[in-house]
Amino acid sequence: MKKYMLDLIIKENKQLSNQYSLLILTSPDKLPEILPGQFAEVRVDGSPTTFLRRPISIHYVDYKLNELWILIQIVGDGTKRMAEMNVGESLNMLIPLGNSFNFPERKDAKVLLVGGGCGVAPLLYLGAHLKNAGFEVNFLLGARSKTDLLQLCEYERFGNVYTTTEDGTHGERGFVTQHSALNNSNFDYIYTCGPTPMMKAVAAYALKIGANCEVSLENTMACGIGACLCCVTDTTDGHLCVCTEGPVFNITKLKWQI
Amino acid sequence: MKKYMLDLIIKENKQLSNQYSLLILTSPDKLPEILPGQFAEVRVDGSPTTFLRRPISIHYVDYKLNELWILIQIVGDGTKRMAEMNVGESLNMLIPLGNSFNFPERKDAKVLLVGGGCGVAPLLYLGAHLKNAGFEVNFLLGARSKTDLLQLCEYERFGNVYTTTEDGTHGERGFVTQHSALNNSNFDYIYTCGPTPMMKAVAAYALKIGANCEVSLENTMACGIGACLCCVTDTTDGHLCVCTEGPVFNITKLKWQI
Amino acid sequence: MANLNINIGKLQLKNPVMTASGTFGYGTEFSDFMDVSRIGGIFVKGTTLRDRQGNPYPRMAETPSGMLNAVGLQNKGADYFINHIYPTIKDIDTNIIVNVSGSTIEDYVETAEMLNSLEKIPAIELNISCPNVKEGGMAFGTSCLSAAQVVKEVRRAYKNELIVKLSPNVTDISEIALAVEAEGADSVSLINTLLGMAINAEKRKPILSTITGGLSGPAVKPIALRMVWQVAQAVKIPVIGLGGIMNAADAIEFMLAGASAIQIGTANFIDPTVSIKVVDGINDYLDRHGYKSVSEIVGALEI
Amino acid sequence: MANLNINIGKLQLKNPVMTASGTFGYGTEFSDFMDVSRIGGIFVKGTTLRDRQGNPYPRMAETPSGMLNAVGLQNKGADYFINHIYPTIKDIDTNIIVNVSGSTIEDYVETAEMLNSLEKIPAIELNISCPNVKEGGMAFGTSCLSAAQVVKEVRRAYKNELIVKLSPNVTDISEIALAVEAEGADSVSLINTLLGMAINAEKRKPILSTITGGLSGPAVKPIALRMVWQVAQAVKIPVIGLGGIMNAADAIEFMLAGASAIQIGTANFIDPTVSIKVVDGINDYLDRHGYKSVSEIVGALEI
């Protein structure tokens, strides 16, 4: 897929909590084709401590409105600067980068999308594509507390939404992997993105029930386009770049101790 | 004089032209005592290429309104960022720094204040003080063109204003040192700030007519408080720091080839 | 429109802007963003005799105005390069130069010999300055004796242009430059990365898997510029300057200091089209200052 | 509130935060902004036997996340220091340490001897690493032999704590550290500035009057941290770390890497109260991580 360097314009900045912002971007030109699971390398201007671009997942693309959504979790100065951008400002990004999630072969496959923290970001766009392709979509979204469960209504447009919170303020109390929906369901395909311990627990569950499982990794990156070899993960094929051979990997390919 | 590190708040940002902005700053606390000729070391946030503070002259202080004025000429990223600040944002400065202009001993002394470019900045506050002390003040302000002659009305509050422009769009055509007001006047005390060639020409004129002459230098600075010894100028007393022994020097002290 | 052609020994460049090894892949990674044939040359990834897996993750740390890397020369080896990569890049209409790395003199020599046969590879860059491998690498570049030895042997084995890439982690870089010049290097390129380290205070751990790594980016520019100036004054062969170049003004500074050409490294990560912008910016500068040819600014610093 | 006391040899510090020579004047320049007695020590300006005018203006260039300086040890000489400056600063309730510079061994020795007599100067820092003077200075610090020689002679002449400040412009800094340790240095401080250069492309001229100057600030932090880590592993005497420290996290990184104390230089220009903030920030860190004493984090990096 052809990659572009684009200056997208902030159309809306919804500050969802003091940690999360949803940026809705647009462009005078038609947005390029982007697949679920792909990401952008975003240049952060005006942040003296941010030298390199920042990898950010595609949260959603609305081709009708020519909108691209990204979900930002503030962890340092780069994300802070992005989360505080004003409507009308422009954001320079390399896009679309990386591979994408794969769809089950059988249309009646039961799919589960498990996200935690900011890892929910790529799952919205994935859910939309899956639904569009005719799959019945189940989201299982975990967070520390109710306020960190963002815009559930958006996910509900594309499937069933189950939630867990660590403090029990929404959905079931506990971690995603403890949710009762996992008990006697036989999911065929599981997609997950979030903190590594969570993804490993999900992968372990998938192995247990014999489901196919794809994870989206968040290694630190310098270039995002396969040039620097900084972002590797250890796989059955040796060191592979997360930015080009990933971010989505089937867990059978990863050398994770699960 | 005691120095402070203060966060002043932008009360107004008047973009006077695409090169100049007048920032009117204020503070919840009473502004400290500041003398004409002194400057501030301003920290520039949000400019990745600006590492050190930037020395900026005190343009004017209005103690009644608790306002401090600075005049910014955009030459690089630091001044650009300052010139584009929004009302309500805060600017961190070390203030007041440096020495100040001296007043003539005799109250009937004829004083002339010659400024060029952004060098007009400290002269406004100096003019106000001189007038207040009972002197008759004459400003001679030079610029490339009419649009670079800023807020003449402010100067007119404190004295006579003569102008030159290189393109003849305001006042007399030419350089300040060619202005007819210099022809048969016998000024006793001349203050000047602006580009070095201009200040040297003014100094030569002062020497010729036997006037006392003080210049305000703009050497590059790192600390602004006499700690780094980066900002020296060569004087009859050896290398002296412009930030503490200046920025105002009597021309008899400088080793200028005039 | 000034004349941007410049020669580095027998190497003819359409302009002095090239991309640095390890930061531009094999060029193809950037072809969606720019026409890579518009730049003067591409230094491809560090290539070793045999396949190398490189260092474990994490291999990167961001630092003030720079970054540390500890890639450790991950590559599939010279054989793979010749049979699988070379055919896909040999028709790019610019100079493709292979950065040759090794742990022993024999490795360097054997790799250089293998590359002799490739018609479209007009030069190799001998990397005696990689700080990210346990044996060899930087060790060769930090003493005159070992630098001279490896250059001497490779010179015997390699018939095309031999560029030697110097390490900045030395007391006196001119000395090393003179030593490799004496053994027949056709030109030198400098600087490789400076050995640095980053720590995560909260975790009390080094950030890189290898503890130390190589520092690059604008943070190192003042050091690189000083070294290029020192070396250009010491040697007679051409100097290729690099280290922190982000824009045309930076590139021109290196040329004024004595570099006949420059390489752009880390900046490619921030703007994948930066090298083209630098070509255009140099051209503007030459026009604005009334130069007819870029060669006029090489070493033109007024002291 | 953790215990922040730490000793560097016989030097007792109320906390490990000190200010670097040439960046904090004589301390008095900062007293409007902070209570200078709250920090562990003040390294005053480079002092030479005789009055020095320093280098011509311009002496400073801003660089990406750093600055170059070429002050060239402007100071009024040891006599003037003893008779006119010492009396005004001797009652500041913290360690006042004099940074001693020279062009010949005799200069260093004579200056050190003169400072012996000052009751309130518990230590000197031997600056064998100044890149901004023509003779002496850095030259002493870039070879083991000359570094050892000057330390040996000064050690004989000076009875209090002798700190030797190392140059980063060397191939192997541990080697130099070991050489000065062998001659009786009580501790080492590192790093001094890295030799760099800046050019104004439009004017085609060097920015500094001296062409090259010393690079400091966060740009050099990764290099400084690596060197502190290397030296701390090589020597038995305490190490004082500096180079680009801007905040408490940076300071803690140096201590984890093996520094018993740290100095803050260029950061004082950006925030004249930074040293106090670093003291407070270290205290917070210790509390947050459950340490009772700052000495617990010295060299506590987990590999």
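For clarity, chains are labelled A, B, C and D in written order, and residue numbers in each chain start from 1.
Just so we're on the same page, contacts are C-beta pairs under 8 Å (C-beta built on N, C-alpha and C of every residue); 3 or more make two chains touch, one makes a residue touch a chain.
For each chain, UniProt lists the protein as follows: A, B = Dihydroorotate dehydrogenase B (NAD(+)), electron transfer subunit; C, D = Dihydroorotate dehydrogenase.
Owing to the predicted nature of the structure, the values given are computational and were not obtained by experimental measurement.
Asker: Busiest chain-chain interface by contact pairs, anyone?
Answerer: By number of C-beta pairs in contact, the leading chain pair is C-D.
Asker: Determine, using the mean of C-alpha atoms as each chain's centre, which chain is farthest from subunit C (Dihydroorotate dehydrogenase).
Answerer: Taking each chain's C-alpha mean as its centre, the farthest from subunit C (Dihydroorotate dehydrogenase) is B.
Asker: So, what's the distance in Å between the C-alpha centres of subunit B and subunit A?
Answerer: Chain centroid spacing, subunit A to subunit B, equals 54 Å.
Asker: Express in whole angstrom the distance between the two chain centres, defined as the mean CA positions of subunit A and subunit C (Dihydroorotate dehydrogenase).
Answerer: It comes to 36 Å between the two C-alpha centres.
Asker: Using mean C-alpha positions as chain centres, tell me how far subunit A is from subunit D (Dihydroorotate dehydrogenase) in Å, no decimals.
Answerer: 47
Asker: Going by the touch rule set out above, which residues of subunit C (Dihydroorotate dehydrogenase) reach two or more other chains?
Answerer: In subunit C (Dihydroorotate dehydrogenase), the residues touching two or more other chains are 63-66, 217.
Asker: Going through subunit A residue by residue, note those that touch at least 2 other chains and give them in order.
Answerer: In subunit A, the residues touching two or more other chains are 48, 50-51.
Asker: Based on which chains touch which, is the overall arrangement a line, ring, star, complete graph, or other?
Answerer: Contact pattern: a closed ring, each chain touching exactly two others.
Asker: On the basis of the stated criterion, which chains touch which? Give every pair.
Answerer: A-B, A-C, B-D, C-D
Asker: Applying the document's contact rule, which stretches of subunit A touch subunit C (Dihydroorotate dehydrogenase) when the two form their complex?
Answerer: Residues in contact with subunit C (Dihydroorotate dehydrogenase): 2-5, 43, 49-53, 94, 219-234, 238-239.
Asker: Residues of subunit D (Dihydroorotate dehydrogenase) touching subunit B in their complex?
Answerer: The contact residues of subunit D (Dihydroorotate dehydrogenase) facing subunit B are 22-25, 29-30, 32-33, 45, 53-54, 56-60, 62-67, 69, 71, 74, 217, 266, 268-273.
Asker: Across the complex, what residues on subunit D (Dihydroorotate dehydrogenase) touch subunit C (Dihydroorotate dehydrogenase)?
Answerer: Its residues touching subunit C (Dihydroorotate dehydrogenase) are 61, 63-66, 68, 142-143, 169-172, 194-199, 201, 204-206, 211-212, 215, 217-223, 225-226, 229, 244, 249, 252-253, 256-257, 285, 297, 300-303.
Asker: Hey, which residues of subunit A end up touching subunit B in the complex?
Answerer: 45-48, 50-51
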